[in-house]
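Across the two complexes that follow, chain A remains constant while its partner is chain B and subsequently chain C.
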Partner chain A sequence: MGLLDIRNLTVDFPSRRGTFTAVRDVALDVQRGEIHGLVGESGAGKSTIGNAIMGLLEPPGRIASGEIEIEGRRIESLPPEEMRKVRGKTVSMIFQDPLSSLNPLFTVERQLVETIREHNRMSEREAKAFAVDLLDQVGIPKPAERVAQYPHQFSGGMRQRVVIALALCSNPDLVIADEPTTALDVSIQAQILNLIRSLCTERNVGVILVTHDMGVIAETTDRVAVMYRGRIVERGATRKVLGDPDHEYTKSLVAAVPRPDVRLHRFPMVSYIEGPAREFEAIDLGKHWLGQGRRDASNDRHENLIELRNLEMDFETRRSIFPSRRRHFRAVDGVSLQIREGEIFGLVGESGSGKSTVARLISGLYTPTGGEILFDGTDIARLGASAERRPFQRQMQMIFQDPYSSLNPRMRVADIVAEPIRHHNLASGGAERRAVVEDLLEHVGLGREAARKYPHEFSGGQRQRISIARALATRPRFLICDEPTSALDVSIQAQILNLLKDLQEELRLTLLFISHDLPVMRQMCHRIGVMQNGRLCEVAETEDLFERPQHPHTQELVRLMPRLDYLSRRGLDMEPAHA
Partner chain B sequence: MSETRQIAPDERRGILARSLDSDLLHSFLASKVTVLAAIVTAVFFLGALLAPLIAPHDPFDLRQISIMDSLVPPAWSDMGDPRFLLGTDDQGRDILSAIMYGARISLAVGFCSVILAAIIGITLGLVAGYVGGFTDTVIMRIADVQLTFPAILIALLINGSVHAVMDVTREQSAFWVLVVSIGLSFWVQYARTVRGSTLVERNREYVQAARVIGVHPIRIMIRHVLPNVMGPVLVIATINLALAIITEATLSFLGVGIPPTQPSLGTLIRIGQDFLFSGEWWITIFPGFALAALVLAVNLLGDWLRDALNPKLR
Partner chain C sequence: MAGYILRRLVQSIVVMLAVGLIAFMMFRYIGDPVNQMVGVDTTPEQRAALRERLGLNDPMIVQYARYMWNAAQFKFGTSYQFKEPVAQLIASRLPATLELSIVSALFALLVGVPMGVYTGINRNSWLSKVFMTVSLVGISLPTFLIGILLIFVFSVHLHLLPSFGRGQVVDLGFWRTGLLTGSGLKALIMPAITLGLFQMTLIMRLVRSEMLEVLRTDYIKFARARGLSRRAINFSHALKNTLIPVITITGLQLGSIIAFAIITETVFQWPGMGLLFLQAVQNVDIPIMAAYLLLIAFLFVLINLVVDILYTVVDPRVRVDGGASA
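Then we have the complex of A and B:
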């Protein structure tokens, strides 16, 4: 008998349009002292399992059949009041966003003491001592002082430690961690995972780790269950499942994970997920619409398409009419770099490092405080009139991170993609414009029927394809991709990265690719720049950066990459290492 | 809406958005009060629109009214006359017909002033929210100052000054003066709401994408931002329609609105008030009841619309 036993669990969400079965016939067991992973893409039902164990299914969700046992005691049919006791006492939960799982108006002490006294017979004084002790256990320095502070005084990683301390208040037997590190930077993610690991062994509790991140699963868990559309398709020791998967879905999922140690030519086309993108015909740039209006390569072309010279950007953090009282935050601090014509240049860094600000400066969304941005030899930062800017706006487009907010929900896809064509007068009339839009949609793998629909009818990956079609519609030379795949599932990410690579080679585009994800960078970029605190610490050829990082910050980032060396390499189209 | 919330994010968006219309219909039919309110509103609209065709009498046609028929009580009382279902007023006009014609004017003033207020408010709100900075400060301070005066006081002021400055008779100008004064006193709410939503939408990536393409700010405001901030505006408009009708009635009751020769609901109530203590209660009670029913029905519709749309306003 394990700590947790789930048999034939089915969870339904009935609605007036029929019943949606989020979890179907799931069996799972967790032992003390083990971390059990639950991995799958969005909508697979992995969080629903966690909520079902906690008794926190939101109505109208209900457990349709099956049994949940904790140490031999059935809990799925307990009355709410009994369930509430189980919830706090034997099972507790760590949520994704540390900011919203703490009450901003209470001190950490008050939140901890309240929870401790709810579950233990303790005096106020004892509970306070216990709270300090807990903070110490989760690795918060100077716990006696920090306990009296408010959540906003803690950094993201420290806040997640407080949330973990909160989950430990009742000495639980089972902890459910639902994407505990998704909102955190890589370096902090590693610390939090280590903490969970050591707490699990020291306190001999069982942990269910719910995540979509294969790296986290590979590094942390002992056993793993892979979920697809509400079912567990494969289950077993992590090394076996990821290293030698049996099920087709697991195979395609593992194949789609960007590897930190090898560079793939293209990700394998997986047939299991979201109808495969259709193959498109190769474009002859000499004849195709996308090739028109390009300047000939022999003309006065600069080797560096983009050159940043000592770029600086300040944001006002305190406004005042007196200059002496104004306060600034320097988001970009003296960045100089060159992007060569036809290359994919990567910019990597943790949140707040200034990489997105650089993208926005180049695209003209922000005006720099200082420095120059040369586009093909012209300083575009200092252009005044919109007539002067126009030709540069046409040659430079941007793909955004969030596919759900980057498309206007009230416009048809045809109008979204046609807007740049209309604005820059790139088509001779309505008929040609329609033809071009359909051709572009076809080309990004969506098909011409997409033109008549609205954005909400598409999934995240398809929306990102629409964004790419819109960006191509100005016939750009330079494309800025700001975390284009970080909101997408791993299999869809693989498809979008393939598409970007195809388009880049075919249309001879220059790309600025921004990401926090080093393995993705390794697959995409020719050269990579590393940013920290607004400064550029290192620029190097991709292979050099991974094999021989120079700057301490780069070394740290490379060291913290999840080691995925035992993952199955079946069916991968690897590129020979660069000489 | 809440029933589909737990379904996986991708699927949820699809289902939710696809069925917006039918969900709206479903929540409409589920609320009996709302259905009743819609029926009442529809009856008033039809009655007002078709008044010349279906009203038993024409209260403005001097050949049809006779002083002999004045002050007839409702048809079901002892002294009643079957020709006048709700009785007549002091000039022998049929109250039922007068209510139908009066609702015509009340609704017309309500609609026109709401449209005027919405146009002013949406424009200023969009500009304030999108441009920001100094422009925003100026527009919103003006709005704050206007909020410190009661709407009726402002309407009275505008009404009074127009009559003082312009040389027009009351019969000619009353309608448009009412519309302008009510419209000008109600724009603030639209401006505030639109500004708030615009501040959110402005930072969304689709607006930034349009800026990267180089689309002109005015076009971004109209084509990209405006359609995405219209949801709350619709709700305010419904609730303000009821408010505008009341304000019109109040102004007419105070004697600065529509003249008694073309009575609106408010004017009818004012006329009837003189007879309240001499026992002719029907002259003021029936128009008063009609006004209350219309305003309540429109308000209930607005409330329902707000609740039905709210979960999707992000």
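Then we have the complex of A and C:
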């Protein structure tokens, strides 16, 4: 008998339109001292299993059938008050986003003491001492001082440690970690995973690690269950499941994981869901609408489309009428780099390293404090009137990270894509504009029917395609992609990245590709720049950067990439080391 | 922290100076103050002398400065209709209005917040639906109608409560209060409910929607996952997070309760500032109107200052200077 035993679990979400079964006939067991992974794409039902164990299913969700046993005790049918005692006491949970899982108005001490006293017979003073002790155990330096602080005074990684301390308040037997490191940087992710691993061993608790990240699964878990549309399609020792998968879905999912160790020609698709890929007519730039802007700009070309010279950006952190009392935060500190015409240039770094600020400076969303931004030889940072800026704005476009907030929900897709065309007067009339919009939508793989719909009718990946169509609508030469796929599933990510790659080759675009995901960078980019604390540490050809990193920070980043050595390499379309 | 309050204070003073300018313009340039003060048979020489004596020939900036200096010492001139100092008139009416406003604001808060919390937590219970329906009535019925209905039921039919006036008042020297006598308290009930009903429904709906918002957040889910009791989650974790918008709205509403108690005071013949102001408007009594304007502006500024300070008490994130975090 294991610590946790789940048999035939089915979770239903009844609604007016009929019942949606989020989890279907799932069996799972977890032993003490092991980390059991639960992997799948969004909507696969992996978080629902965690919530069902906790008794925290969002209404109208309910357990339709099946049994959940912890150490032989059935818990799925306990009355609410009994269940509340199980929560926290026997089973704890760690959530994804450390920024939002702590109450911002209470000190860490208050939240800890409250939870400790809920589950243990302790005086206020003992609970306080225990709280400090817990913070020490999860590796927070100077716990006695920090315990009195508020959550916003902790960094993201430290906050996740506080969350873990809160989950450990009651000495639980089972911890459910729901995407515990998804919101964190690679280096912090490694620390948190190590912490979870060591707590699991030392305290002999069972851990269920819910994630969509194959790298995390490969590095951390002992056993893993792969979920697809509410079912567990494959279960077993992690090495076996990832290294020699049996089920077709697992095979294609493993194949779709961006590899840090090999360079592939295209991102492998998750063929299990895909079906045959659609073939598009190749665009002939000489005739096509998208090629028209080229001719007039083609004389007097520079080798470097973008050149940054000593770029600086300060943000005011304290305003004052007295200059001496003002405080600045230098987000970009003396960055100089060149992006060649027709290449994909990658910019990588942890959160707060200034990579997105550089993108916004180039696109003109921010005005730099110092330095020059040359676009095809013209310093666009110092242009005054909007009439002077316009031609440059037309030539560069941006694709943002969050596909949900970057499209106006009140506009039809046709209007969203047509807006830049109208703004820059690129079409001779309504009829041509409509034809161009439909052609663009067709070309990003959405089909012309999409034009009449609203953004909310599309999934995240489809919305990102709309963003791409909108960006192409100005006939740009330069595209800035700021983490374009980090909000998407692996299979969708592969589609979007392939689309970007195809378009880049077809339209001879220049791309600035920003990401924190090194394996993706390796597949995507020709050259990569590494940023840290607003400075550019290193710029190198992609393969050189991965094989022979020069700067210590780059070496650290490359070292921290999850090792996926034993993942199955079947069916990969490998490319010789240099393209 | 001290810098934060100091900045707010400076802003308050700027606002007061601007409102003072409007009040001064009204006082000085709407009609001729000399014409209002003298009879028909005054000679032009006497008028000129009076004009000189009142300083009306000085440059405008000097007159404005003098006006503000006097206003700071509560000297607002003499009422045209009562021939009494405006400051005295207002001082005699202020307690009635303030008592009414504060009692109705307390009523709105003490009833509205619990109702909002209840309807936020038990979204689908029948009692919540009753509350929501009643609150719709509270929002859509005009104040004077509610007042007249209350008078009709409780005074005319049931003879339980007085239909007008403040009842007996106790003079504390600087303040005449109706809170210390039975008849005074009785007289307060209906006007306070009439005036506070709209604010109550507003606060209730605000707290409800904020509660719904907060209950969806991760930290509430995490609190549940830690096995904390429902009471601790709803009333300590959730309620405190709904307070910021509630404080903002309540502050602004308290200001408008004081400033616009006019209708309620008319319906119940409440001897407060609203009635005084109404009479001043009817008789073009500019000094009273100007003083009223300044007083209300002052109250708004004061309330907003208190609200800003309350923010820092509730939300630790505001306390850090400039909002920088570690």
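Definition applied: the second predicted complex is superposed on the first by the 567 of 579 C-alpha atoms of A that agree within 3 Å, B and C clash if a C-alpha of one lies under 4 Å from a C-alpha of the other, contacts with A are read in each partner's own complex, and residues count from 1 in each chain.
Basically, contacts are C-beta pairs under 8 Å (C-beta built on N, C-alpha and C of every residue); 3 or more make two chains touch, one makes a residue touch a chain.
What you are looking at is a predicted structure, and each value in this text was computed from that prediction instead of being measured.
Student: First (chain B), second (chain C), both or neither: which does A:54 touch?
Tutor: It touches chain C, and chain B stays clear.
Student: Between chain B (first) and chain C (second), which, if any, makes contact with A:86: first, second, both or neither?
Tutor: second
Student: On the A-aligned overlay, A:344 touches which partner chain: chain B = first, chain C = second, or both, or neither?
Tutor: neither
Student: Which holds for A:15: it touches chain B only (first), chain C only (second), both, or neither?
Tutor: first
Student: Using the superposition on chain A described above, determine whether A:409 touches chain B (first), chain C (second), both, or neither.
Tutor: A:409: touches chain B, not chain C.
Student: Taking the superposition on A as described, I'd like to know which of chain B and chain C A:102 touches: first, second, both or neither.
Tutor: Touch partner of A:102: chain C, not chain B.
Student: Which of the two, chain B or chain C, is in touch with more residues of chain A?
Tutor: Tallying touched residues of chain A, the top partner is B.
Student: I'd like to know which partner A:474 touches here: chain B for first, chain C for second, both or neither.
Tutor: first
Student: Which residues of chain C touch chain A once you look at their complex with the stated criterion?
Tutor: 217-219, 221-229, 232, 237, 240-241, 314-317, 320-322, 324-326
Student: Under the stated contact criterion, what part of chain A meets chain B in this complex?
Tutor: Per the stated touch rule, the residues are 13-17, 20, 22, 42-45, 48, 57-61, 363-365, 386, 389-390, 393-394, 396-398, 400-402, 404-411, 419-420, 423-424, 454, 456-457, 459-460, 467, 470, 474.
Student: Applying the document's contact rule, which stretches of chain B touch chain A when the two form their complex?
Tutor: That would be residues 2-11, 13-15, 17-19, 26, 204-206, 208-216, 223-224, 227-228 of chain B.
Student: Could you list, by residue number, the parts of chain A that touch chain C in their complex?
Tutor: Interface residues on chain A, with respect to chain C: 54, 56, 84-89, 92-93, 95-97, 100-107, 114-115, 118-119, 150, 152-155, 163, 166-167, 169-170, 317-319, 327, 329.
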